[in-house]
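Shared between the two complexes below is subunit A, which has subunit B as its partner in the first and subunit C in the second.
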Partner chain A sequence: MKNRLVKIICFSVSSLATLLLLAIVAFMVKESWPVWHSLGVGAIVTGTDWHPMANPPQLGIGTMILSTLWSALGAIMLATPLGLGAAIFLAEFAPPWLARLIRPVLNILTGIPSVVYGFVGAAVLVKFFEVSFGMPSGESLFCASLILTVMVLPYIITNSEAALRAVPNQYRETALAVGVSKQYLTIKVLLPLAKKGLVGAIILAFGRAAGETMAVLMLAGNTLVLPTSWFSKGEPLSALIALELGTSVVGSAHYQALFAAGLVLLVFVTAINILLNVIRNGKRNVVSKR
Partner chain B sequence: MKPRRWIDIIWLALFWAAGLSMLVILLGIIGYLTYRGGSVLSLEFITSSPSGMPLGVEGGVLPAIRGTLYLVLVAIITAALPGVITAVYLAEYAEESKFKTMINLTVQCMAGVPSVVTGLFGYAFFVMCLGFGISLLAGGLTLGIMIFPQIVVTARDALLSVDEKYRLVGETLGVSRWYMLVRVILPQAASAIVGGILLAMGYAAGATAPIMVTAAVISANSSGALLEPVMALPYHLYILFTQQISIENAYGTALLLVLLLLFINVITLWLRRGLR
Partner chain C sequence: MFKSKVLNLLLMLALALSLLVGCGQNEQPSAEQAKDTAAPEQSIKIGGSSTLAPVIAQLANEYTEEYGTWNKVDASLPEEPIVIFVSTGGSGFGVKSAINGTFDIGLVSRSIKDEEKEQIPNGQLIKVGTDALAIAVNPENPVLQVKPNLTTEELKGIFAGEIKTWKELDPQLPDRQIVLAIRDLGGGASEVFDTTVMQGTPVAKEAIQLPSMGALAGKVMENVDAIGYVSTGFVDQNQGKIAVLSIDGVEPTDENIASDQYKISRPLIMVTKDQPTAQQQKFIDFVMSAEGLAVVKEMGFVPAK
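And then the complex of A and B:
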């Protein structure tokens, strides 16, 4: 009897949790519905004019979407080689004591609040660019990418290491018995075998970088111009929301457009997560087929 | 030497450099913050309120510490129990079904929701729709939603890593599932679950985006009243820096946040070691 009761309680709490996510999505859709309806999805997503106070308001968030993609992709480009290198080091080459030292370091790096990363980046990196390149103001998408790189590295490393470790030992033994070096084995055999896991790690990191707020808010420069290069300023979606939500009038087109921006971000990151799930399940199937 | 040997040596050096760079990054951040903020961080800084004009130029961060503490408390009260229950359901009760897959996927997706979007939801729902206003309650609940999936995932993995033989033995002896769960499995997983909750608390303490619009203000007494706005450490740091109020105090606040986090991580590590 008690058993059944517990099961029912567990079941209902879990269902409520699932409903909560749906509620978040539903809320975002509900709050932003009027602008999607009146302006159309295409005009908002590809529009590059953001004048929410004008009459009629211009609510294109294309500039911000581009800034988000630019800073996140830049971070992934920088973090991937370094992250894979560190993952290979931890999985294959590091002496056990050193690996035991580095793993908690990764946990701590994930735990450092993003506002601290943003602060250190803004106080050190931006200063550095201003002083050594004589720029009038050092903020740029590149700066944001640099800090995002540090922030997503732990995710890439932990997940890639797990993927490398999941490769069965027989490959290592065979290769070493044939007489190839461990480096050759890692690059030519282990990396291709662990490919799906590694791609998953990088995609996860991309999602994290795209959703990150404080660091980009403090580093990207926050100007509403279409970014033309990695070194121009921009205002990613998350920064736009954080900056303007407090000043927008509830129920105005401005307010609704910010929810539209949030919805775009949410859909994008959730799509990445579902894609990740598909990749991981695909991997499981391959293993079981062997 | 053959070129092959040279290439191998270069690769090895690169791998070592990549691995060691993580240590350098962490030590660099902590070292730099200590260097710049160490002199500011004193007992007086922790136990006095911000003062001066504009507010924050002098004085300490006591109300911000208090506010962060209250926010984390509200968040953990709302998220911990439902989180652990959901984890128990996923690990112990749910049969392999579409429904279980869906909950797992939902939790994974929720963990990926950008914190600013959670803040947006909190603003629309708690602050506006339910009329809590910019308040401790609204911010705490928003943080609760943010850390909920983290707690589920760590607690679920902790339960799943309990040795399967306990469950088998329990079942053969005809012990009820509930009894097994409370007397055997939960105690086995307890330290890892508590560790997960602690990490979630650290995550909540450092989150800025969700509380910017739901709870935190530049100056407040942070008395702990549920429907009043509070100050919070991460938001205080953001304001100190972006409004150019006091860069020294900003370094002190940042160092304090990082130390808080280090402390939580050390405790979690210690708990996990105890498990082994």
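And then the complex of A and C:
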């Protein structure tokens, strides 16, 4: 009887948490519905003119979506080789004392507030680009990507390391018995076995990078030009919302469009998480099949 | 074992309840608060512009601390504690709330439109001061020697993206790209700039939007080719690091701003619907006193005379 009660309570608490997520989605949809309805999804998502104060307002957020993709994908491109390398080193090659030293440092890196990253980036990187490359102004999506790289690296490293360690020891023992080198074992055996976990780590990091706000807000430059290269300036979705939500008039088309932008970002991140789950679920089967 | 289960159960219940309660809480306290504050007329409710509200909140604090009760301000007033509420919400909200009586005094940091004036025929408009935007460049920018004075047309051309390099502005200047620094769209500062300078022409897409006035001032301090509108308060605080251009021959000095000769500015106004009550008048007098206006200046604005 008591067990059943606990079960019911557990169930209701966990479904409340789920409801909370659904409520957020529903709220975003409700707030942004008028602009989706009047302008159409296509016009908002692919439109590249953002003049919310004009009459009639132009509310295309295509530029921002592209900026988000540039900065986040750029960060992943930089962070993946570094992160995987570090994870392989930590899991397979590093002497235990060194690994014990590095892991807490990685944990501290994840705990640094993003304003601090943004501030350091604005003070050091932006200036560096202006001086060394003669850019008229140093802010760029590349700059944002660089800081995002540092921010997501710990996620990639810890998750990839866990995936590598999850490979059963018998593979390593067998490899040793057969007499192959450690390098061969890592590249030809461990990496393919941990593949799904590694891909999962990278996708998770992409979700983090796409949703990150503060550092990006300070580094991407926030111009409304359609970014044509990694070195253009741009205004990622999160920066757009952070910049303008405070001053938009509640209930105006501007306000609704910002919620629409938020919804797009939310859909992005949710889709990434679902993808991650699909990959994770497939993982066990592969290992057992081999 | 049993105990920990009960504890878990209680914890979970509390969690579930707090989730539920959290949602409903929004409405109630404000209604109750309104009831509390509606009763005594001794309290003053003020609200509106997010530019002016911090100044007035600071003044309200000083006023309450200095006097404590109304009878100490003026013996004819009752011995009631002074209570002044100050909240923000934007200029439009300030005017609307003054008209419909939500606030006793509305705070507005733009000029009051005629159709708004019509709704408060007996109301008072008290100009507390002016918030001006100086057109700022880096002190190392040669434009200061070559062309320290721009016309509104030139300024408009620069910010609309028609004049892209300093050389296009004047052949003597270096052939380097002009870096435009602006505040986010829809905010107060960009609204002032849009109405006084751009007059409907959109700002160039290339302009870098900075998340705060401090960041904008920082951009101009760091980047030799940057130009931007910076609140005069920030210019005063960073003397030597920010240089200022004149517009149409008018320098953004305190005198020129106060006399409305310098155009890129907005008034900071307190609005009442009717004649203010004795208490309200006393507070308004305090704001307009030398002591009050000193605070306005301290917070980076040009006080009214």
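The criterion applied here is as follows: the second predicted complex is superposed on the first by the 272 of 290 C-alpha atoms of A that agree within 3 Å, B and C clash if a C-alpha of one lies under 4 Å from a C-alpha of the other, contacts with A are read in each partner's own complex, and residues count from 1 in each chain.
The working rule: a contact is a pair of C-beta atoms (placed from the backbone, for glycine too) under 8 Å apart; a residue touches a chain by one contact, two chains touch by 3 or more.
On a predicted model such as this, the values are computed, not experimentally measured, just so you know.
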Of the two partner chains, subunit B (first) and subunit C (second), which one does A:Gly207 touch, if any: first, second, both, or neither?
first
Is A:Cys10 touching anything from subunit B or subunit C once the two structures are fitted on A? First, second, both or neither.
both
Examine A:Phe259 and indicate which partner it touches, taking first as subunit B and second as subunit C; both and neither are also allowed.
first
A:Ile157 in the overlay: touching subunit B, subunit C, both, or neither? Say first, second, both or neither.
first
Based on the superposed arrangement, let me know which partner A:Leu20 touches: subunit B (first), subunit C (second), both, or neither?
both
Quick one: is A:Ile108 in contact with subunit B, with subunit C, with both, or with neither? Answer first, second, both or neither.
first
Chosen between subunit B and subunit C, the partner touching more subunit A residues is B
Going by the contact rule set out at the top, does A:Phe93 touch subunit B (first), subunit C (second), both, or neither?
first
Would you check which partner chain A:Met218 touches, where first means subunit B only, second means subunit C only, and both and neither mean what they say?
both
Between subunit B (first) and subunit C (second), which does A:Ala242 come into contact with in this model arrangement: first, second, both, or neither?
both
Shared contact residues on subunit A - subunit B and subunit C
2, 6, 9-10, 13, 16, 20, 122, 218, 242, 246
Would you tell me which residues of subunit A are touching subunit B in their complex?
2-3, 6-7, 9-11, 13-18, 20-21, 24, 27-28, 31, 81-86, 88-90, 92-94, 98, 101-102, 104-109, 111-116, 118-120, 122-124, 150, 153-154, 157, 181, 183-184, 187, 207-208, 210-214, 218, 238, 241-242, 245-246, 250, 258-259, 262, 265-266, 269-270, 272-274, 276-277
Looking at the complex, which residues from subunit A come into contact with subunit C?
2, 5-6, 9-10, 12-13, 16, 20, 50-54, 122, 126-127, 130, 136-137, 139, 217-218, 221-225, 233, 235, 242-244, 246-249, 254
Which residues of subunit B touch subunit A in the complex?
4, 7-8, 11-12, 14-19, 21-23, 25-26, 29, 32-33, 82, 85-86, 88-90, 92-94, 102-103, 105-110, 112-121, 123-125, 128, 145, 148, 152, 176-178, 181, 199, 202-203, 205-209, 212-213, 234-235, 237-238, 241-242, 247, 250-251, 254, 257-258, 261-262, 264-265, 268-269
Residue positions on subunit C within touch of subunit A in the complex are 5, 8-9, 12-13, 15-16, 19-20, 90, 92, 176-179, 184-188, 194, 202, 205-211, 215, 219, 222-223, 225-226
